[in-house]
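Just passing along the structure, written as structure tokens.
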Amino acid sequence: MLEYGEDMDIKRDDLLQMYYYLRLTRRLEERITSLYHQGKILGGAWTSNGTEAVSVGYAYALEKNDIAATYFRDMGAFLVRGISPKRIMAHYLGKKTGVSGGKDGNVHIGDLNHGVFGFPSHLADNYPVGTGAALAFMIRGEKKVVAACTGDGGTSRGDFHEAMNLASVRKLPIVFFCNNNQYAYSTPLRMQMAIKDVAERALAYGMPNKIVDGNNVAAVYTAAKEAYEYARNGGGPTFIECKTMRMHGHSEHDSAKYVPRELLEEWKKKDPILTIEKFLLENNITKKEELDDIDARVEEEIDEAERFAIESPFPDPEETFTGVYATPVEADENVM
Amino acid sequence: MLEYGEDMDIKRDDLLQMYYYLRLTRRLEERITSLYHQGKILGGAWTSNGTEAVSVGYAYALEKNDIAATYFRDMGAFLVRGISPKRIMAHYLGKKTGVSGGKDGNVHIGDLNHGVFGFPSHLADNYPVGTGAALAFMIRGEKKVVAACTGDGGTSRGDFHEAMNLASVRKLPIVFFCNNNQYAYSTPLRMQMAIKDVAERALAYGMPNKIVDGNNVAAVYTAAKEAYEYARNGGGPTFIECKTMRMHGHSEHDSAKYVPRELLEEWKKKDPILTIEKFLLENNITKKEELDDIDARVEEEIDEAERFAIESPFPDPEETFTGVYATPVEADENVM
Amino acid sequence: MREISYLEAIREALDEEMTRDPSVFILGEDVGVYGGAFRITEGFYEKYGELRVLDTPLSESGFTGAAIGASLVGMRPVVEMQFADFISCAFDQIVNVAAKNHYRWGAATPIVIRAPYGGNIHGGAFHSQSIEGFFFNVPGLKIVAPSTAYDAKGLLIASIRDNDPVIYCEHKYLYRRIKDPVPEEEYTVPIGKARVALEGKDISIITYGAMVHTTLEAAQTLKEDGISCEIIDLRTILPLDKNSIFTTVKKTNKVVIVHEQTKTGGVGAEISALINEQCFEYLDGPVFRVTAPDTPVPYSAPLEETFIPKAEDVISAVEKLMRY
Amino acid sequence: MREISYLEAIREALDEEMTRDPSVFILGEDVGVYGGAFRITEGFYEKYGELRVLDTPLSESGFTGAAIGASLVGMRPVVEMQFADFISCAFDQIVNVAAKNHYRWGAATPIVIRAPYGGNIHGGAFHSQSIEGFFFNVPGLKIVAPSTAYDAKGLLIASIRDNDPVIYCEHKYLYRRIKDPVPEEEYTVPIGKARVALEGKDISIITYGAMVHTTLEAAQTLKEDGISCEIIDLRTILPLDKNSIFTTVKKTNKVVIVHEQTKTGGVGAEISALINEQCFEYLDGPVFRVTAPDTPVPYSAPLEETFIPKAEDVISAVEKLMRY
């Protein structure tokens, strides 16, 4: 029996919902990958494959009015926060109906209506940005929290340091997550930092830290929930390292030869979907049929999303010129 | 009796030399301050007053071919490395004979002939730069080390983090010093970081750290020497926090009302020059007369430096245009 | 009308906006207890509390990023750079996050970054830079640079109320040297609109910031020699007020551009290129630029004096063009 | 002569310089074991060892600063930005430390920063930027941008041997799309010298980078219509080769500037302003600019196509100017 259930205080519905989001994330990204290989998605394709429990877990533990300051393996968070597969798929295809109307693509998904801060490619940039939302909540006396996430590599950036420090000094209501998937592109953790656990980074800020099994969605959820409550009640920030493994290449054009095959084999057994599935079944929380139903629903949603995206129109070329400013100064004269 | 001497392995001559440099630093900066108030030095005047033992100590422990990557309260290091008071004074007065030929001023002193990396105002920028010299030494297999220094405030910057991390991962021969004078301009340590000791910053990098009494030049020297040897022999970097107190305002135009007077009173008693003087006398290492002789020599040097600087010519206005490139591409055509 | 200094104008704008709108707050190094390196926020800490006049750790990228995040959830942060030069440390957050948010995902980022910039204060290469060039080629940003107390106040209020990221270039040299009439009543100076600082008919001088005063001084001398200069004070650098530029060019047919920023890739280059593109047939001669040379800002007095454009430099450019 | 790709030319330059000079080394993300995101340094790790092809933590400011420090003690580091866009994170080290070292205290800083830049690869706002605008107003830097394999190799060698900080803009779109004759023997292409990419007599097109090819394509069409274009490939952007620019202007009296960089504050503005200042009487018409619009780089194909200047855009600008 898995440890999963021990001292776990998660409702059945929530477990099933998280199962659903894990599936949805996995299958949506698989579909994206296949569309990429068909040449329908341009530029590149990155997935959170094998690490979905991190973003599903931390996002599922948020309240509606909280904020998620995401990074690029947070598809689970986009979905949990309610950004629809349709709009995401259309976004990947560069369609007008996508999250960014075609202005941006692939992993760069943000929508304030869903409390999601879009990911700027520059890793860890969203740590300070997330901190700012937490600061706003503190100034206004609102009991909201922020979840900010980055990769293990991202923790080496100056912005990581400056955000962690500011959050700690001001005891801001933010929880920092690290998706420690053991690699930053080809760079293994030992070439990224001279510490055993990324969590040790938090010591420099006097910030509480926690290490969780990043393949166990319940564990991520529980740790997140706890840290949010602590933050919500004025306790200040927490740093949560989620240990997991990037199961694909850095992106679809990387075969990841530099990753030892045994490592992948080992982690394959710990797949986050397998893990929750096994737990749900072995503990009689659900039956295979119910999970099959969920899976079928997921497939349908994704088929529909793909259909929607493919049928959607591209943005009008004229839209290239719009939206630079929220408040345009005046119609720019045409120069040529 | 002071702890100073305990298990101390410093030669008499070295102690006297450090005494000399402390005096020279103090008196040179005092002269600079008075020239500033006379309107002969333009722009501003910052001193290391009360904290001189940090830079004198770490610099005195370096070998000739090592590098000091300085910050702006490192006058002691400039002097110990052999940059003459004359050239420094001329630099402050914007004269052609100054360290930068008038191109730069005040605390921005650097000279590769003396193994001193000039200070770029942007705090902590010299941490990565110092790291690079250490990397060069490692690549070339040279047994040289780098000392890099910044303030307590400087440790909050991203560049601090990125340099500490790189140095640790690569076990570079560099020792990082922090002049923890308890304030960054008006910002007290507790608003700068949520840890008790700046030294805790090093935990995030798995880097050995050490806290020393920054007003005890022998302690700084000894800790530095030890860390340099460790680094020279492939042990990697160390972070040394030197606890001290900024005894003046941030600069001469800051009255530092935000600093509690008692704190200053307390630290006044621990003045680094008083401290070494007392030690030298009480342990019969030297006599008052010998110290008086040194003091007299210092006064002479500084009088001479001032004379030299005042008599030196200003740079020719045409020099505004020279020196932008090490290898100019071609004489720029005159446009107007 | 009462006269106040450029510095007081900035302070008033901040004070009034903070009183009017609880979403406005200030963050940066030493802005709170100390009241800011230039004492702009003196007394604010006591008045608005430590959260709305927030002393930050020494971390420009961190607190600029934080301002961006706060703005995304409804605040209107004003970031103080202690000196404009330190904005370089926050460059990535400004150009990649703030500037692109709205285009990329429709998120408005109403932040103001106050950048005390410019030379002539013996500050050397790190405390004297004109930083507009860092951002002038970055779509999504707005850059303003007032030259009078009136504009300093009105533009700062407009910047705070604007929904885009605005870099507010306040010239340190003007802080206590410039005083002019400023109404007690609320007003704004619109972003994107230049003003005619001096009407004239023979030649146009386009400028901004501290150079407006240098140029006015030059115009005074030139007037005595019978040359009537029209001076355009841009006030907003990005986006440029093309209409005002073209209007004056069409009127005088002769243009000199003056700025303290270094020459290559400066704002003057764009203005000259725009005029060339759109007013070519109106030009009676080349568009001359009077600018700092392409060097870092030197420290020593004779060098810095050479570096900063002077009234004589403007005069000789004007005379050369008049002879053309 | 054998032909090699733009990418192979870059690789060869690095390889040969590393063999020739032990002070040359490479650092950046994934340049070692992996051979670089674009596989430029493939095989180098095995050949030169982990210290000379150094995988760094994810920290652009840190490793750029480290390159600066190494250069101060005699090394010649080549920094690889994984994408040019990430250079924004190292902005402070580049503009405040590297660019000002020599002027401030006489310390030469011979570093090269390789910046894989440019769009047309569906990379979106963060993987497609032209970054020359960030640095074009910064005295002390050199910026080069080769358009051919020949220049890519020769300019990279020259950049490595140069004693100043050089930002080497390599256009990602050209990596595998451009092939041209490159000698096996050692050669350099001098920094600061443009080349005539096509001789012509009716009109001058001044350009650089990927746009050289777009412009050549346009010139081909225009030739069929009887218009003879002279194309100047700048090769070095900072400092500009004014002589080459003025020579072609004096020859054809008509100028179009083409760049992929966004318009306002672009390199084209400076070129136009220089021409106006110094060749005004030679101009038969305005200097037109064909550039990307003032927006971030959009992702969706129809938008990115609109964003990137096309041969047709060049053709219509040329035709408009010819009709002038």
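Chains here go by letter, A, B, C and D, matching the order in which they are written, and residues are numbered from 1 within each.
Keep in mind that, in the parts below, contacts are C-beta pairs under 8 Å (C-beta built on N, C-alpha and C of every residue); 3 or more make two chains touch, one makes a residue touch a chain.
From a predicted model like this one, the values you see are computed outputs, not experimental measurements.
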| item | value |
| --- | --- |
| Chain whose average C-alpha position is farthest from chain B's own | A |
| Pair exhibiting more inter-chain C-beta contacts, A-C or B-C | A-C |
| Inter-chain centre distance, chain A versus chain C - centres from mean C-alpha coordinates, in Å | 40 |
| Chain centre separation (chain A, chain B; CA means) in Å | 45 |
| Where chain A and chain D are represented by their mean Cα positions, the distance between them in whole Å | 36 |
| Where chain A touches two or more other chains, by residue | 100, 103-104, 108, 120-122, 156-159, 161-162, 165, 169, 191-193, 323-324, 332, 335-336 |
| Residues of chain C engaged with two or more neighbouring chains | 57, 59, 61-62, 85, 88-89, 92, 96, 100, 103-104, 125-126, 139-140, 239, 277-278, 288-289, 294-296, 298 |
| Touching residues (chain side chain B, partner chain C) in the complex | 42-44, 94-95, 100, 102-106, 108, 120-123, 153-154, 156-158, 184-187, 191-193, 258, 314-321, 323-324, 332, 335-336 |
| List of chain B residues in touch with chain D within their complex | 67, 69, 99-101, 103-104, 108-112, 117-118, 120-122, 125, 127-140, 146, 158-159, 161-163, 165-166, 169-170, 323-327, 329-330, 332-333, 335-336 |
| For the chain D and chain C complex, residues of the former touching the latter | 85, 88-89, 91-92, 95-96, 99-100, 103-104, 125-126, 133-134, 136-140, 238-240, 261-262, 264-270, 272-273, 275-278, 280, 283, 285-289, 294-296, 298 |
| List of chain D residues in touch with chain B within their complex | 22, 25, 27, 51-52, 54, 56-57, 59, 61-75, 77, 92-93, 96-97, 100-110, 139-140, 142, 162-164, 191-192, 236, 239, 242-243, 274, 277-278 |
| Touching residues on chain B, where the partner in the complex is chain A | 156-162, 165, 168-169, 171, 190-196, 200-207 |
